[in-house]
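Each of the two complexes below includes chain A, the first together with chain B, the second together with chain C.
Let's turn to the complex of A and B:
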């Protein structure tokens, strides 16, 4: 069971789970998650954000119960639970999902750049550049990727103070009276919010790389709590800032909101925010690529570098196939819906299978006694 | 070493991969003026600074170009056809609109501004009751390099220190797309060829049609109700017992509260004003406590009367720049904007309660 345990010197301390989870969750989603949530629960959207936060927290808890029992990554767990063939097939689907998430994040970020700053920027220019960058980053191994996460969380954290500045225009009447929507609508909004929360499932691959990984559970939960806090504040600020029909028209409400921030030395702050966002999305993509290449390595027993030789060229070309808003939107929705079902569907399912199997085993042992 | 080389190669290859805009090689539009052009849509005039290439280095001039079109973005293309340098919208400070065009609705003017990520949210919009192209051309000839930002700074200054409520692109969009409040914009005119603020224009939500105008006094009251004012000036005629004369109250600081009952039929408006007496034309010494209380009494009465008149007029006109609808929406569970404005808005009762305190009389007594 411990066959795939990586050597001690590539492991990271337990608290790195905080940065892994948080860095993975905060990504391009923050720029525009408000609209979809509000479509469901309107001005009660902030409650949806909190509910979804609790849901994902339970998911993380279930994930840790499974991981703590086997002390291995998902590839091993799949094999043990479902046998070699089905197990590997399931793992492969998961790895393809991680890989596609990396592509989605990259494509979405390039789209934002194309709309806001470089309207004549070719998609391939940035995607090829990114592929080269991630080649170097991933060659540094897990520790470097984790380092990117720490950097990607700490460095832009100053930006979140900026997100409060639009409160200058706050209209408290917007969110009153609370609970205008029924429970069903709020729950539907919560489902939409989970799309923005996806990310903790990366721990399924990263777990063996964390030292004394059992201890990392509380750090993972704290990372998630920090995410909930940020999403919640961004949501509340947006609700107070925009009127309902105004926000419905925006693709990236968070970014547009930063238009109001003005300093004597820099007139339009959203451009700074946009480029700081590059630092936020970089660890996102790096983690996804790392996890999927690591998974491919484990499934096919090849070197991780060999896997990257194949994956990075695909990573660089795929974004160019999504040329327009509709395409990117559909792609985004499909991938995040899949992620949603992994987080709130597949993980609990895995948990049940795991418990069943343990119970069966336990039962048999009792008989032999 | 290999990596360093690689990085260097990329640095060289990737410079100027994308379109660049160099400040003295583009026409950086500062003001857009929109005039009604009948069936052709509107006539759009833009001003941008021009850096003189020869002669004195610091010399700058403002140029104006105009074209007629029915969409703002098409107008940009048409302007480019006449411009020496490409027109760029990144630094727009003001959009001024002729009232004739504003009556047709501003929706098609602000939509493209909203869509364009280059355009800031703090840009000022204003309505002129004269031809805006003329306004622009006059100030261009007179103010040279400052012409582009002049109107914008004027509006800012008036909103900050005087009697115009805060308006900018974000606030305009907020109210334009709100179902409980109508947008307002500064209304301007020209006095001796010089632009001047003369009040407030009230527009409809959604289409943004100019439907009603308020003078400076009403605009001040609106400001008190909308955001509360920090600075503001009003003059009052005092005719109270032995005292008579004109009193100028400055730096009016206000707190306001609007309450609505459960079914939206009754509103309570309370205002708490504090001000500094800066000028009194009467004979009496301002030290006299009776005078101060007389002034306070008059101010209370006048503000109350004016406020009642203002709200009544707004009710009659069916426009809601104060946001009574919004207030009611925040307290009811069955909000229906159409129903509210069709039946409730015109008929609700209200009470106005004004408190006034003169806190200073300046450096002399």
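Let's turn to the complex of A and C:
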């Protein structure tokens, strides 16, 4: 249990939870989450975005209740709740999930680049480059990863205003009248949106690295709220800009939307958007890789560098196995569905187990106090 | 060299007396003098290095009083000799050391091994002059010179307080150069001070000629393009950073002070920013940031866009670009590298050539080579403009060393964009950012106030808000005393006066 509490000089201030959560949520998802949501709830999709936002917020709250009780990362909590063997097995599954999320993000981003910019770019070129890059980045430790999150949020934030520019061609009647869809459809859309919201579960590993971590809860919620705001804006702009038929045919509606932004000196603005997106997804992947390598370190009691020696080559080779759109889509869906169940299924389950255990022990604890 | 030579010799033959030693010096070195003064109470021997000694001091303050003094006995010689800080000395090594630094050694002519040391160093220094590297339009116009004492005077003149403390030490195994660490006691962070002290003591190089040389030896990381300490030739800049709680050090014979710790943003702020109104200064700062970004990224973007992403250029602009590039046989990257190297060549030649020739070469070279290469179809007009502007923009950084960094930094970017277009650009940018995040200066983060994010420090580092906002020192230096002035309490219940009302 010695290494569970990191030294103070590697910790980050409470407000970093804002950037951790926000940077983790905004990833490749925002490029194309509109289609899946609209398939379920049509022009009422914006309501789905808000509902899902509330749902994830509750889930973050549950997560903080658990974390605040133990003041440790998920590996320790698993051990305390389920014992060493089952606990470690559960932790390992979670770490594999984090690792696979990193791979999915990388593969999806490379796909976007291959479709949009370099159609003959080999996947391995970028994945190997990425592995080298993240080796350098992760050597800087958690503080550097958190710094990347800050950079990845602040630097492209100037781009955000550009997402509103397509409103020039907005058709307000698209979303009127509201509530054409029944609650079930909206809820189904909300479920699809949560796929784009996954990310706060990284705090399960990052929690001990935040100083005065209790205070970080409100920052985490604010980070999440900022994500909801961005998704909501993107969704509303897309709904006003596209017709339902159009959006069904687009894989990345957000990118396509940027195409119509024009300046006298630059056209095809989505290129700029794409390259800024690289800066957005970098902290995403870095945080996932950091969390999973840290978890492996804690489970098997090996050095984090050793874990990375094994993980980064796999990280570089895995993306090459998903060659076509179909494969990537399936991979993506599988991983995000898993993430969805962690966020809205496993976290509440963990909460209930935790509460049960407290009730069972409650009497004895009162006596000792 | 000289000192090292003698010290070794002295250690070998410890039994040799001082007098014999001095005789030997006289034989070994042509500029060493042993001058015998006959007075009415005995004869004295003055030993000194002739070029180091001020002849006027020698004759008026040492020889004349010795000759004129009537019945002085040896022990009262100090009162006769009029130079300041003369001291009685027996230690041979210290005497030899002082001799090499412009002291006169006086002993009786009877082979005694002790005597008086009087400082009589000749001062040949250039005048305090207008700063030439860090020129400013507004503000003080004086810069450091090659003498440590003069430089310390320039700083102490601006900070006439007892808290200003100077620690002197000798660095360099052969040159034994005097180095002064300057700080403001009570404000400076002791931990930083200890780091500087320790690192300077650990320097084992043989000769130290300049502060910058020293700065490179004690910086945190050498495998980097970025300078980790600010070097400056402006005393006002040193005074300003001392008040912020940082540390400066100067070595003897260097016209530049080095201040530590430093952040990346510090290299883009000039002290002139504080002599101009805040909105002007903030504007100029943003101009500089823009200029630096332009300087690094302009050519790479040109290469990336023209190699891979020409669809990003609007139709009308594309026509111009294509027209100017239609005759050029090279891919954009060769074209860009050719021009960049030409510019670098001109810049380097301009700096090295004698000033009378240099100016002509700079202008002629720039115009002639630029025009000729365009007409010969080697480069395009537009790239010529881009490269020239980028070169110009790299000169906007107030600290010279950062300009060099920017010069070099653009080449990896150009190469990366030649391979992978804008992706290469973004990847190189991320590598640079990570590198900067890992950098430290005296163990303090280099990228502050961005990483770690400290918004309170933005008011002075990124922006330059009015002075009323600068009530506390930057958090960055972790100063001992946080507030600049007395800590004011908020006046409660007092509102600003309404229209047509005034404070009584």
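As a working rule, the second predicted complex is superposed on the first by the 360 of 369 C-alpha atoms of A that agree within 3 Å, B and C clash if a C-alpha of one lies under 4 Å from a C-alpha of the other, contacts with A are read in each partner's own complex, and residues count from 1 in each chain.
The rule we apply is simple: contacts are C-beta pairs under 8 Å (C-beta built on N, C-alpha and C of every residue); 3 or more make two chains touch, one makes a residue touch a chain.
Only a predicted model underlies this, so the values are computations on that prediction, with no experimental measurement involved.
**Student:** I'd like to know which partner A:148 touches here: chain B for first, chain C for second, both or neither.
**Tutor:** So A:148 only meets chain C here.
**Student:** Would you sort A:246 into first (chain B), second (chain C), both or neither based on which partner it touches?
**Tutor:** So A:246 only meets chain B here.
**Student:** Once the structures are superposed on A, label A:260 by its partner contacts, choosing first (chain B), second (chain C), both or neither.
**Tutor:** first
**Student:** Under the stated touch criterion, which partner chain does A:116 make contact with: chain B (first), chain C (second), both, or neither?
**Tutor:** First partner only, chain B.
**Student:** Once chain A of both complexes is superposed, is A:180 in touch with chain B (first), chain C (second), both, or neither?
**Tutor:** The answer is first: A:180 touches chain B but not chain C.
**Student:** With both complexes overlaid on chain A, does A:279 touch chain B (first), chain C (second), both or neither?
**Tutor:** After superposition on chain A, A:279 lies in contact with chain C alone.
**Student:** Tell me the contact category for A:129 with respect to chain B and chain C: first, second, both or neither.
**Tutor:** Both chain B and chain C are touched by A:129.
**Student:** So, A:171: does it touch chain B (first), chain C (second), both, or neither?
**Tutor:** first
**Student:** Common interface residues of chain A with chain B and chain C?
**Tutor:** Correct list for chain A: 118, 129, 136, 262, 267-268.
**Student:** Per the contact definition, I'd like the list of chain C residues that touch chain A in the complex.
**Tutor:** Checking each residue of chain C against chain A gives 308-309, 311-314, 317, 420-423, 425-427, 429-431, 433-434, 437-438, 447, 450-453.
**Student:** Report the residues of chain B in contact with chain A in the complex, numbered from low to high.
**Tutor:** So the residues of chain B touching chain A come out as 3, 6, 10, 14, 17-19, 114, 117, 120-122, 170-171, 173-180, 323, 326-327, 329-333.
**Student:** Write out the stretch or stretches of chain A touching chain B in their complex.
**Tutor:** Against chain B, chain A makes touches at 115-116, 118-121, 125, 129, 132, 136, 169, 171-174, 176-177, 180, 242-246, 249, 256, 259-260, 262, 267-268, 270.
**Student:** Show which residues of chain A lie in contact with chain C when the two form their complex.
**Tutor:** Residues in contact with chain C: 12-13, 15-16, 113, 117-118, 126, 129, 133, 136-137, 139-140, 143-144, 147-148, 150-151, 154, 262-268, 271, 274-276, 278-279, 282.
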